[in-house]
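Input: a single structure, listed below in C-alpha coordinates.
The chains carry the letters A, B, C and D, assigned in the order they are written, with residues numbered from 1 in each.
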Amino acid sequence: MNHDDSLRQIRDALRAFATERDWERFHTPKNLAMALAGEAGEVIEHFQWLSAEESAALPEAGRAEVALELADVLLYLVRLADVMQIDLADAAQRKLAINAERYPADKARGSAQKYNRL
Amino acid sequence: MNHDDSLRQIRDALRAFATERDWERFHTPKNLAMALAGEAGEVIEHFQWLSAEESAALPEAGRAEVALELADVLLYLVRLADVMQIDLADAAQRKLAINAERYPADKARGSAQKYNRL
Amino acid sequence: MNHDDSLRQIRDALRAFATERDWERFHTPKNLAMALAGEAGEVIEHFQWLSAEESAALPEAGRAEVALELADVLLYLVRLADVMQIDLADAAQRKLAINAERYPADKARGSAQKYNRL
Amino acid sequence: MNHDDSLRQIRDALRAFATERDWERFHTPKNLAMALAGEAGEVIEHFQWLSAEESAALPEAGRAEVALELADVLLYLVRLADVMQIDLADAAQRKLAINAERYPADKARGSAQKYNRL
(Lines give C-alpha, C1' and ligand atoms only; values in the text may rest on other atoms or scores of the structure.)
Protein backbone atom coordinates (compact mmCIF):
# COMPACT_ATOMS: atom_id res chain seq x y z
CA MET A 1 0.00 0.00 0.00
CA ASN A 2 1.08 3.52 -0.76
CA HIS A 3 1.31 6.21 1.81
CA ASP A 4 -2.04 7.57 0.60
CA ASP A 5 -3.78 4.23 0.06
CA SER A 6 -7.36 4.54 1.25
CA LEU A 7 -7.29 1.45 3.51
CA ARG A 8 -4.08 2.72 5.09
CA GLN A 9 -5.52 6.18 5.62
CA ILE A 10 -8.59 4.73 7.32
CA ARG A 11 -6.46 2.45 9.48
CA ASP A 12 -4.30 5.35 10.63
CA ALA A 13 -7.31 7.57 11.29
CA LEU A 14 -8.95 4.84 13.38
CA ARG A 15 -5.78 4.25 15.36
CA ALA A 16 -5.55 7.91 16.26
CA PHE A 17 -9.27 8.02 17.01
CA ALA A 18 -9.03 5.11 19.45
CA THR A 19 -5.90 6.44 21.14
CA GLU A 20 -7.34 9.91 21.65
CA ARG A 21 -10.42 8.40 23.32
CA ASP A 22 -8.65 5.67 25.27
CA TRP A 23 -10.76 3.14 23.43
CA GLU A 24 -8.03 0.53 22.85
CA ARG A 25 -9.31 -1.35 25.90
CA PHE A 26 -12.68 -1.90 24.19
CA HIS A 27 -11.13 -2.83 20.85
CA THR A 28 -10.47 -6.51 21.43
CA PRO A 29 -10.89 -8.72 18.36
CA LYS A 30 -13.92 -10.29 20.01
CA ASN A 31 -15.66 -6.95 20.55
CA LEU A 32 -14.78 -5.62 17.12
CA ALA A 33 -16.04 -8.80 15.46
CA MET A 34 -19.37 -8.24 17.23
CA ALA A 35 -19.50 -4.62 16.12
CA LEU A 36 -18.74 -5.70 12.57
CA ALA A 37 -21.57 -8.23 12.58
CA GLY A 38 -23.94 -5.71 14.14
CA GLU A 39 -23.24 -3.23 11.35
CA ALA A 40 -23.66 -5.92 8.69
CA GLY A 41 -27.05 -6.60 10.29
CA GLU A 42 -27.97 -2.95 9.83
CA VAL A 43 -27.06 -3.18 6.16
CA ILE A 44 -29.42 -6.08 5.51
CA GLU A 45 -32.27 -4.36 7.33
CA HIS A 46 -32.31 -1.84 4.48
CA PHE A 47 -33.00 -4.59 1.96
CA GLN A 48 -35.05 -7.22 3.73
CA TRP A 49 -38.48 -6.35 2.34
CA LEU A 50 -37.31 -5.17 -1.08
CA SER A 51 -37.47 -7.20 -4.26
CA ALA A 52 -34.20 -7.71 -6.13
CA GLU A 53 -35.27 -4.99 -8.54
CA GLU A 54 -36.17 -2.52 -5.81
CA SER A 55 -32.85 -3.18 -4.11
CA ALA A 56 -31.11 -2.18 -7.35
CA ALA A 57 -33.10 1.04 -7.67
CA LEU A 58 -32.98 2.51 -4.20
CA PRO A 59 -34.11 6.14 -3.92
CA GLU A 60 -31.26 8.56 -3.32
CA ALA A 61 -32.07 9.02 0.38
CA GLY A 62 -31.92 5.28 0.98
CA ARG A 63 -28.72 4.97 -1.02
CA ALA A 64 -27.12 7.69 1.12
CA GLU A 65 -28.13 5.83 4.29
CA VAL A 66 -26.71 2.57 2.97
CA ALA A 67 -23.46 4.33 2.05
CA LEU A 68 -22.93 5.29 5.69
CA GLU A 69 -23.84 1.77 6.86
CA LEU A 70 -21.26 0.31 4.47
CA ALA A 71 -18.79 2.83 5.85
CA ASP A 72 -19.51 1.53 9.37
CA VAL A 73 -18.78 -2.02 8.22
CA LEU A 74 -15.54 -0.90 6.60
CA LEU A 75 -14.41 1.05 9.66
CA TYR A 76 -14.88 -1.90 12.01
CA LEU A 77 -13.37 -4.27 9.47
CA VAL A 78 -10.23 -2.14 9.07
CA ARG A 79 -9.93 -1.66 12.82
CA LEU A 80 -10.37 -5.37 13.52
CA ALA A 81 -7.73 -6.26 10.94
CA ASP A 82 -5.39 -3.67 12.46
CA VAL A 83 -5.63 -4.86 16.04
CA MET A 84 -5.04 -8.42 14.77
CA GLN A 85 -2.08 -7.22 12.69
CA ILE A 86 -3.71 -8.52 9.53
CA ASP A 87 -2.90 -6.79 6.25
CA LEU A 88 -6.40 -6.53 4.84
CA ALA A 89 -5.41 -5.60 1.27
CA ASP A 90 -3.00 -8.50 1.16
CA ALA A 91 -5.60 -10.93 2.54
CA ALA A 92 -8.08 -9.72 -0.08
CA GLN A 93 -5.57 -10.34 -2.89
CA ARG A 94 -4.90 -13.83 -1.55
CA LYS A 95 -8.61 -14.58 -1.33
CA LEU A 96 -9.16 -13.32 -4.85
CA ALA A 97 -6.51 -15.77 -6.04
CA ILE A 98 -8.17 -18.62 -4.12
CA ASN A 99 -11.54 -17.73 -5.61
CA ALA A 100 -10.09 -17.64 -9.12
CA GLU A 101 -8.87 -21.18 -8.61
CA ARG A 102 -12.10 -22.40 -6.98
CA TYR A 103 -14.34 -20.85 -9.60
CA PRO A 104 -12.78 -21.34 -13.06
CA ALA A 105 -14.70 -19.08 -15.46
CA ASP A 106 -15.70 -21.92 -17.76
CA LYS A 107 -17.14 -24.07 -14.98
CA ALA A 108 -18.72 -21.31 -12.89
CA ARG A 109 -20.29 -19.30 -15.70
CA GLY A 110 -23.88 -18.38 -14.88
CA SER A 111 -23.95 -20.66 -11.83
CA ALA A 112 -24.48 -19.70 -8.19
CA GLN A 113 -23.34 -23.11 -6.96
CA LYS A 114 -20.69 -23.24 -4.27
CA TYR A 115 -17.28 -24.34 -5.53
CA ASN A 116 -17.50 -27.75 -3.90
CA ARG A 117 -20.65 -28.45 -5.92
CA LEU A 118 -19.46 -27.18 -9.29
CA MET B 1 -8.28 7.17 -5.01
CA ASN B 2 -5.13 6.60 -7.00
CA HIS B 3 -4.91 4.22 -9.86
CA ASP B 4 -3.25 1.69 -7.57
CA ASP B 5 -5.38 2.29 -4.50
CA SER B 6 -6.14 -1.03 -2.85
CA LEU B 7 -9.93 -0.55 -2.69
CA ARG B 8 -9.92 0.43 -6.35
CA GLN B 9 -7.84 -2.58 -7.32
CA ILE B 10 -10.19 -4.92 -5.48
CA ARG B 11 -13.23 -3.27 -7.05
CA ASP B 12 -11.80 -3.67 -10.53
CA ALA B 13 -10.77 -7.27 -9.93
CA LEU B 14 -14.27 -8.13 -8.67
CA ARG B 15 -15.90 -6.45 -11.65
CA ALA B 16 -13.82 -8.52 -14.05
CA PHE B 17 -14.43 -11.65 -11.98
CA ALA B 18 -18.21 -11.19 -12.13
CA THR B 19 -18.24 -10.35 -15.83
CA GLU B 20 -16.13 -13.36 -16.79
CA ARG B 21 -18.51 -15.68 -14.90
CA ASP B 22 -21.76 -13.98 -15.91
CA TRP B 23 -22.46 -13.38 -12.23
CA GLU B 24 -23.83 -9.83 -12.52
CA ARG B 25 -27.33 -11.31 -12.45
CA PHE B 26 -26.72 -12.66 -8.94
CA HIS B 27 -25.05 -9.50 -7.71
CA THR B 28 -28.10 -7.49 -6.71
CA PRO B 29 -27.64 -5.25 -3.66
CA LYS B 30 -30.06 -7.48 -1.77
CA ASN B 31 -28.08 -10.64 -2.47
CA LEU B 32 -24.71 -9.02 -1.81
CA ALA B 33 -25.98 -7.59 1.49
CA MET B 34 -26.92 -11.13 2.51
CA ALA B 35 -23.54 -12.48 1.49
CA LEU B 36 -21.86 -9.70 3.47
CA ALA B 37 -23.85 -10.54 6.60
CA GLY B 38 -23.19 -14.25 6.14
CA GLU B 39 -19.44 -13.62 6.05
CA ALA B 40 -19.62 -11.35 9.09
CA GLY B 41 -21.36 -14.24 10.83
CA GLU B 42 -18.42 -16.49 9.97
CA VAL B 43 -16.04 -13.97 11.52
CA ILE B 44 -17.84 -13.96 14.86
CA GLU B 45 -17.96 -17.76 14.97
CA HIS B 46 -14.17 -17.66 15.40
CA PHE B 47 -14.48 -15.62 18.57
CA GLN B 48 -17.72 -16.67 20.25
CA TRP B 49 -16.30 -18.94 22.94
CA LEU B 50 -13.05 -17.04 23.48
CA SER B 51 -12.37 -14.65 26.32
CA ALA B 52 -11.32 -11.13 25.37
CA GLU B 53 -7.74 -12.09 26.15
CA GLU B 54 -7.85 -15.27 24.06
CA SER B 55 -9.34 -13.32 21.16
CA ALA B 56 -6.32 -10.99 21.31
CA ALA B 57 -3.83 -13.87 21.30
CA LEU B 58 -5.13 -16.16 18.59
CA PRO B 59 -2.71 -18.90 17.50
CA GLU B 60 -1.21 -18.29 14.06
CA ALA B 61 -3.44 -20.86 12.34
CA GLY B 62 -6.58 -19.21 13.68
CA ARG B 63 -5.29 -15.76 12.75
CA ALA B 64 -4.68 -16.94 9.18
CA GLU B 65 -8.24 -18.28 8.99
CA VAL B 66 -9.66 -15.03 10.31
CA ALA B 67 -7.59 -13.07 7.77
CA LEU B 68 -9.35 -14.89 4.94
CA GLU B 69 -12.75 -14.38 6.58
CA LEU B 70 -12.07 -10.65 6.84
CA ALA B 71 -11.06 -10.73 3.19
CA ASP B 72 -14.44 -12.29 2.34
CA VAL B 73 -16.22 -9.48 4.16
CA LEU B 74 -14.14 -6.89 2.32
CA LEU B 75 -14.75 -8.48 -1.08
CA TYR B 76 -18.53 -8.48 -0.66
CA LEU B 77 -18.46 -5.01 0.84
CA VAL B 78 -16.48 -3.58 -2.07
CA ARG B 79 -18.67 -5.39 -4.59
CA LEU B 80 -21.89 -4.20 -2.92
CA ALA B 81 -20.65 -0.61 -2.87
CA ASP B 82 -19.68 -0.90 -6.54
CA VAL B 83 -23.02 -2.19 -7.80
CA MET B 84 -24.72 0.59 -5.82
CA GLN B 85 -22.26 3.15 -7.22
CA ILE B 86 -21.16 4.09 -3.74
CA ASP B 87 -17.62 5.39 -3.29
CA LEU B 88 -16.62 3.38 -0.24
CA ALA B 89 -13.47 5.35 0.63
CA ASP B 90 -15.40 8.59 0.41
CA ALA B 91 -18.23 7.23 2.57
CA ALA B 92 -15.69 6.06 5.15
CA GLN B 93 -14.10 9.52 5.31
CA ARG B 94 -17.51 11.10 5.75
CA LYS B 95 -18.40 8.64 8.51
CA LEU B 96 -15.10 9.30 10.26
CA ALA B 97 -15.95 13.00 10.28
CA ILE B 98 -19.42 12.27 11.69
CA ASN B 99 -17.91 10.09 14.40
CA ALA B 100 -15.39 12.76 15.32
CA GLU B 101 -18.27 15.15 15.89
CA ARG B 102 -20.42 12.62 17.76
CA TYR B 103 -17.62 11.47 20.01
CA PRO B 104 -15.54 14.49 21.11
CA ALA B 105 -12.35 13.13 22.67
CA ASP B 106 -12.90 14.87 25.99
CA LYS B 107 -16.43 13.55 26.43
CA ALA B 108 -15.92 10.06 25.03
CA ARG B 109 -12.62 9.26 26.70
CA GLY B 110 -12.67 5.82 28.24
CA SER B 111 -16.41 5.41 27.70
CA ALA B 112 -18.23 2.83 25.59
CA GLN B 113 -21.51 4.75 25.74
CA LYS B 114 -23.29 5.45 22.49
CA TYR B 115 -23.06 9.08 21.37
CA ASN B 116 -26.68 9.81 22.24
CA ARG B 117 -25.96 8.84 25.86
CA LEU B 118 -22.69 10.70 26.30
CA MET C 1 -46.10 -22.40 29.94
CA ASN C 2 -47.20 -25.94 30.65
CA HIS C 3 -44.94 -28.59 31.95
CA ASP C 4 -44.65 -30.00 28.43
CA ASP C 5 -44.48 -26.70 26.58
CA SER C 6 -41.91 -27.00 23.81
CA LEU C 7 -39.91 -23.90 24.77
CA ARG C 8 -39.79 -25.13 28.35
CA GLN C 9 -38.68 -28.59 27.31
CA ILE C 10 -35.88 -27.14 25.20
CA ARG C 11 -34.82 -24.82 28.00
CA ASP C 12 -34.63 -27.68 30.47
CA ALA C 13 -32.77 -29.92 28.05
CA LEU C 14 -30.21 -27.18 27.38
CA ARG C 15 -29.71 -26.52 31.07
CA ALA C 16 -28.96 -30.19 31.70
CA PHE C 17 -26.74 -30.32 28.63
CA ALA C 18 -24.64 -27.37 29.82
CA THR C 19 -24.38 -28.65 33.38
CA GLU C 20 -23.28 -32.12 32.33
CA ARG C 21 -20.51 -30.62 30.19
CA ASP C 22 -19.47 -27.85 32.57
CA TRP C 23 -20.31 -25.34 29.86
CA GLU C 24 -21.97 -22.73 32.07
CA ARG C 25 -18.70 -20.84 32.15
CA PHE C 26 -18.87 -20.33 28.36
CA HIS C 27 -22.55 -19.44 28.38
CA THR C 28 -22.33 -15.74 29.16
CA PRO C 29 -24.97 -13.58 27.49
CA LYS C 30 -22.23 -12.01 25.38
CA ASN C 31 -21.00 -15.36 24.06
CA LEU C 32 -24.47 -16.74 23.47
CA ALA C 33 -25.49 -13.58 21.60
CA MET C 34 -22.50 -14.15 19.30
CA ALA C 35 -23.42 -17.79 18.78
CA LEU C 36 -26.98 -16.75 17.99
CA ALA C 37 -25.83 -14.24 15.38
CA GLY C 38 -23.41 -16.75 13.90
CA GLU C 39 -26.22 -19.26 13.42
CA ALA C 40 -28.48 -16.60 11.90
CA GLY C 41 -25.63 -15.94 9.47
CA GLU C 42 -25.65 -19.60 8.49
CA VAL C 43 -29.37 -19.41 7.79
CA ILE C 44 -29.00 -16.52 5.34
CA GLU C 45 -26.15 -18.25 3.52
CA HIS C 46 -28.72 -20.81 2.35
CA PHE C 47 -30.75 -18.11 0.62
CA GLN C 48 -28.31 -15.47 -0.54
CA TRP C 49 -28.14 -16.39 -4.23
CA LEU C 50 -31.73 -17.60 -4.57
CA SER C 51 -34.58 -15.62 -6.05
CA ALA C 52 -37.63 -15.10 -3.85
CA GLU C 53 -39.36 -17.87 -5.79
CA GLU C 54 -36.47 -20.30 -5.45
CA SER C 55 -36.31 -19.59 -1.71
CA ALA C 56 -39.97 -20.61 -1.46
CA ALA C 57 -39.42 -23.86 -3.35
CA LEU C 58 -36.29 -25.29 -1.79
CA PRO C 59 -35.53 -28.92 -2.68
CA GLU C 60 -36.15 -31.30 0.22
CA ALA C 61 -32.43 -31.72 1.01
CA GLY C 62 -32.00 -27.97 1.34
CA ARG C 63 -35.12 -27.66 3.43
CA ALA C 64 -33.84 -30.34 5.82
CA GLU C 65 -30.55 -28.45 6.17
CA VAL C 66 -32.35 -25.20 6.88
CA ALA C 67 -34.53 -26.94 9.49
CA LEU C 68 -31.43 -27.83 11.48
CA GLU C 69 -30.02 -24.32 11.09
CA LEU C 70 -33.26 -22.87 12.43
CA ALA C 71 -33.01 -25.35 15.29
CA ASP C 72 -29.53 -24.01 16.07
CA VAL C 73 -30.88 -20.47 16.21
CA LEU C 74 -33.69 -21.58 18.51
CA LEU C 75 -31.37 -23.49 20.83
CA TYR C 76 -29.05 -20.52 21.34
CA LEU C 77 -32.01 -18.16 21.63
CA VAL C 78 -33.66 -20.26 24.36
CA ARG C 79 -30.37 -20.68 26.17
CA LEU C 80 -29.57 -16.97 26.02
CA ALA C 81 -33.01 -16.09 27.35
CA ASP C 82 -32.59 -18.65 30.13
CA VAL C 83 -29.22 -17.40 31.38
CA MET C 84 -30.66 -13.87 31.34
CA GLN C 85 -33.78 -15.06 33.19
CA ILE C 86 -35.97 -13.81 30.38
CA ASP C 87 -39.29 -15.59 29.78
CA LEU C 88 -39.12 -15.91 26.01
CA ALA C 89 -42.77 -16.86 25.46
CA ASP C 90 -43.89 -13.93 27.58
CA ALA C 91 -41.58 -11.51 25.75
CA ALA C 92 -42.93 -12.78 22.41
CA GLN C 93 -46.51 -12.17 23.52
CA ARG C 94 -45.61 -8.67 24.65
CA LYS C 95 -43.88 -7.94 21.35
CA LEU C 96 -46.86 -9.25 19.40
CA ALA C 97 -49.06 -6.78 21.29
CA ILE C 98 -46.63 -3.93 20.53
CA ASN C 99 -46.59 -4.86 16.85
CA ALA C 100 -50.39 -4.99 16.73
CA GLU C 101 -50.43 -1.41 17.99
CA ARG C 102 -47.64 -0.21 15.71
CA TYR C 103 -49.10 -1.80 12.62
CA PRO C 104 -52.88 -1.35 12.60
CA ALA C 105 -54.27 -3.64 9.89
CA ASP C 106 -55.95 -0.85 7.97
CA LYS C 107 -52.85 1.32 7.80
CA ALA C 108 -50.27 -1.42 7.28
CA ARG C 109 -52.17 -3.47 4.71
CA GLY C 110 -49.93 -4.42 1.80
CA SER C 111 -47.15 -2.12 2.94
CA ALA C 112 -43.61 -3.03 3.98
CA GLN C 113 -42.96 0.40 5.48
CA LYS C 114 -41.60 0.57 8.99
CA TYR C 115 -44.14 1.69 11.58
CA ASN C 116 -42.59 5.10 12.01
CA ARG C 117 -43.15 5.75 8.30
CA LEU C 118 -46.70 4.46 8.02
CA MET D 1 -47.19 -29.73 20.45
CA ASN D 2 -50.31 -29.15 22.48
CA HIS D 3 -53.02 -26.80 21.47
CA ASP D 4 -51.66 -24.22 23.87
CA ASP D 5 -47.97 -24.82 23.22
CA SER D 6 -46.19 -21.47 23.16
CA LEU D 7 -44.49 -22.00 19.79
CA ARG D 8 -47.80 -23.02 18.28
CA GLN D 9 -49.57 -19.99 19.75
CA ILE D 10 -46.95 -17.66 18.33
CA ARG D 11 -47.10 -19.36 14.93
CA ASP D 12 -50.87 -18.98 14.78
CA ALA D 13 -50.76 -15.36 15.93
CA LEU D 14 -48.18 -14.52 13.25
CA ARG D 15 -50.21 -16.25 10.55
CA ALA D 16 -53.27 -14.20 11.42
CA PHE D 17 -51.16 -11.04 11.69
CA ALA D 18 -49.73 -11.53 8.18
CA THR D 19 -53.08 -12.42 6.63
CA GLU D 20 -54.84 -9.40 8.12
CA ARG D 21 -52.16 -7.10 6.71
CA ASP D 22 -51.71 -8.84 3.36
CA TRP D 23 -48.07 -9.39 4.25
CA GLU D 24 -47.74 -12.95 2.92
CA ARG D 25 -46.25 -11.53 -0.25
CA PHE D 26 -43.33 -10.10 1.74
CA HIS D 27 -42.85 -13.24 3.80
CA THR D 28 -40.68 -15.27 1.47
CA PRO D 29 -38.10 -17.47 3.18
CA LYS D 30 -35.38 -15.24 1.73
CA ASN D 31 -36.86 -12.07 3.21
CA LEU D 32 -37.63 -13.65 6.56
CA ALA D 33 -34.10 -15.05 6.79
CA MET D 34 -32.81 -11.50 6.30
CA ALA D 35 -35.15 -10.14 8.96
CA LEU D 36 -34.01 -12.87 11.34
CA ALA D 37 -30.35 -12.01 10.80
CA GLY D 38 -31.07 -8.31 11.17
CA GLU D 39 -32.69 -8.89 14.54
CA ALA D 40 -29.82 -11.14 15.66
CA GLY D 41 -27.55 -8.23 14.75
CA GLU D 42 -29.55 -5.97 17.05
CA VAL D 43 -29.12 -8.45 19.89
CA ILE D 44 -25.33 -8.43 19.64
CA GLU D 45 -25.21 -4.64 19.53
CA HIS D 46 -26.39 -4.71 23.14
CA PHE D 47 -23.35 -6.71 24.20
CA GLN D 48 -20.50 -5.68 21.94
CA TRP D 49 -18.65 -3.35 24.30
CA LEU D 50 -19.48 -5.21 27.51
CA SER D 51 -17.17 -7.56 29.33
CA ALA D 52 -18.43 -11.09 29.94
CA GLU D 53 -19.19 -10.06 33.52
CA GLU D 54 -21.07 -6.92 32.52
CA SER D 55 -23.09 -8.92 30.00
CA ALA D 56 -24.18 -11.21 32.83
CA ALA D 57 -25.23 -8.31 35.06
CA LEU D 58 -27.19 -6.07 32.74
CA PRO D 59 -29.20 -3.31 34.43
CA GLU D 60 -32.95 -3.95 34.39
CA ALA D 61 -33.62 -1.42 31.61
CA GLY D 62 -31.10 -3.10 29.34
CA ARG D 63 -32.44 -6.53 30.16
CA ALA D 64 -35.95 -5.40 29.22
CA GLU D 65 -34.67 -4.11 25.89
CA VAL D 66 -32.86 -7.35 25.20
CA ALA D 67 -36.02 -9.33 26.06
CA LEU D 68 -37.88 -7.57 23.25
CA GLU D 69 -34.97 -8.09 20.83
CA LEU D 70 -35.00 -11.81 21.63
CA ALA D 71 -38.74 -11.76 21.03
CA ASP D 72 -38.13 -10.25 17.59
CA VAL D 73 -35.71 -13.04 16.76
CA LEU D 74 -38.22 -15.64 17.93
CA LEU D 75 -41.09 -14.09 15.96
CA TYR D 76 -39.15 -14.12 12.68
CA LEU D 77 -37.78 -17.57 13.42
CA VAL D 78 -41.24 -19.03 14.02
CA ARG D 79 -42.65 -17.28 10.96
CA LEU D 80 -39.78 -18.46 8.74
CA ALA D 81 -40.22 -22.04 9.94
CA ASP D 82 -43.95 -21.79 9.31
CA VAL D 83 -43.74 -20.55 5.71
CA MET D 84 -41.20 -23.31 5.04
CA GLN D 85 -43.47 -25.87 6.72
CA ILE D 86 -40.75 -26.75 9.18
CA ASP D 87 -41.80 -28.02 12.61
CA LEU D 88 -39.46 -25.96 14.75
CA ALA D 89 -39.95 -27.88 18.01
CA ASP D 90 -39.32 -31.15 16.20
CA ALA D 91 -36.20 -29.78 14.49
CA ALA D 92 -34.92 -28.56 17.87
CA GLN D 93 -35.38 -32.01 19.42
CA ARG D 94 -33.56 -33.61 16.51
CA LYS D 95 -30.70 -31.13 16.82
CA LEU D 96 -30.47 -31.74 20.56
CA ALA D 97 -30.06 -35.46 19.82
CA ILE D 98 -27.35 -34.73 17.25
CA ASN D 99 -25.52 -32.50 19.71
CA ALA D 100 -25.71 -35.15 22.42
CA GLU D 101 -23.97 -37.55 20.06
CA ARG D 102 -21.39 -35.02 18.85
CA TYR D 103 -20.52 -33.81 22.33
CA PRO D 104 -20.37 -36.79 24.71
CA ALA D 105 -20.26 -35.38 28.22
CA ASP D 106 -17.00 -37.10 29.12
CA LYS D 107 -15.14 -35.80 26.06
CA ALA D 108 -16.66 -32.32 25.91
CA ARG D 109 -16.49 -31.46 29.61
CA GLY D 110 -15.11 -27.99 30.14
CA SER D 111 -14.05 -27.65 26.50
CA ALA D 112 -15.25 -25.10 23.94
CA GLN D 113 -13.74 -27.05 21.05
CA LYS D 114 -15.94 -27.82 18.07
CA TYR D 115 -17.04 -31.46 17.89
CA ASN D 116 -14.75 -32.22 14.96
CA ARG D 117 -11.76 -31.18 17.08
CA LEU D 118 -12.68 -33.02 20.28
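By our rule, a contact is a pair of C-beta atoms (placed from the backbone, for glycine too) under 8 Å apart; a residue touches a chain by one contact, two chains touch by 3 or more.
The structure presented is a predicted model; accordingly, all values stated were derived computationally and were not measured.
In terms of C-beta pairs in contact, B-C outnumbers the other of B-C and A-C.
At the interface between chain A and chain B, two copies of one sequence, more than half of the residue numbers in use are shared by both copies. Note on chain placement: the centre of chain A and the centre of chain C lie 26 Å apart, centres being C-alpha means. Chain A and chain B, compared by their mean Cα positions, are separated by 2 Å. Within chain D, the positions touching two or more other chains are listed as 26, 30-31, 33-34, 37, 39-41, 44, 47, 49-52, 112. Interchain contacts join each chain to each other chain, per the touch definition above.
If you check the complex, the residues on chain B that touch chain C are 26, 31, 34-35, 37-42, 44-45, 47-49. Listing the residues of chain C that touch chain D in their complex gives 1-2, 4-10, 13-14, 17, 20-23, 25-26, 28-31, 33-34, 36-37, 39-41, 43-44, 46-47, 50-52, 55-56, 58, 63, 66-68, 70-75, 77, 80-81, 83-84, 86, 88-89, 91-96, 98-100, 103, 105, 108-112. Across the interface of their complex, chain A is touched by residues 30, 33-34, 37, 41, 44, 49-52, 112 of chain C.
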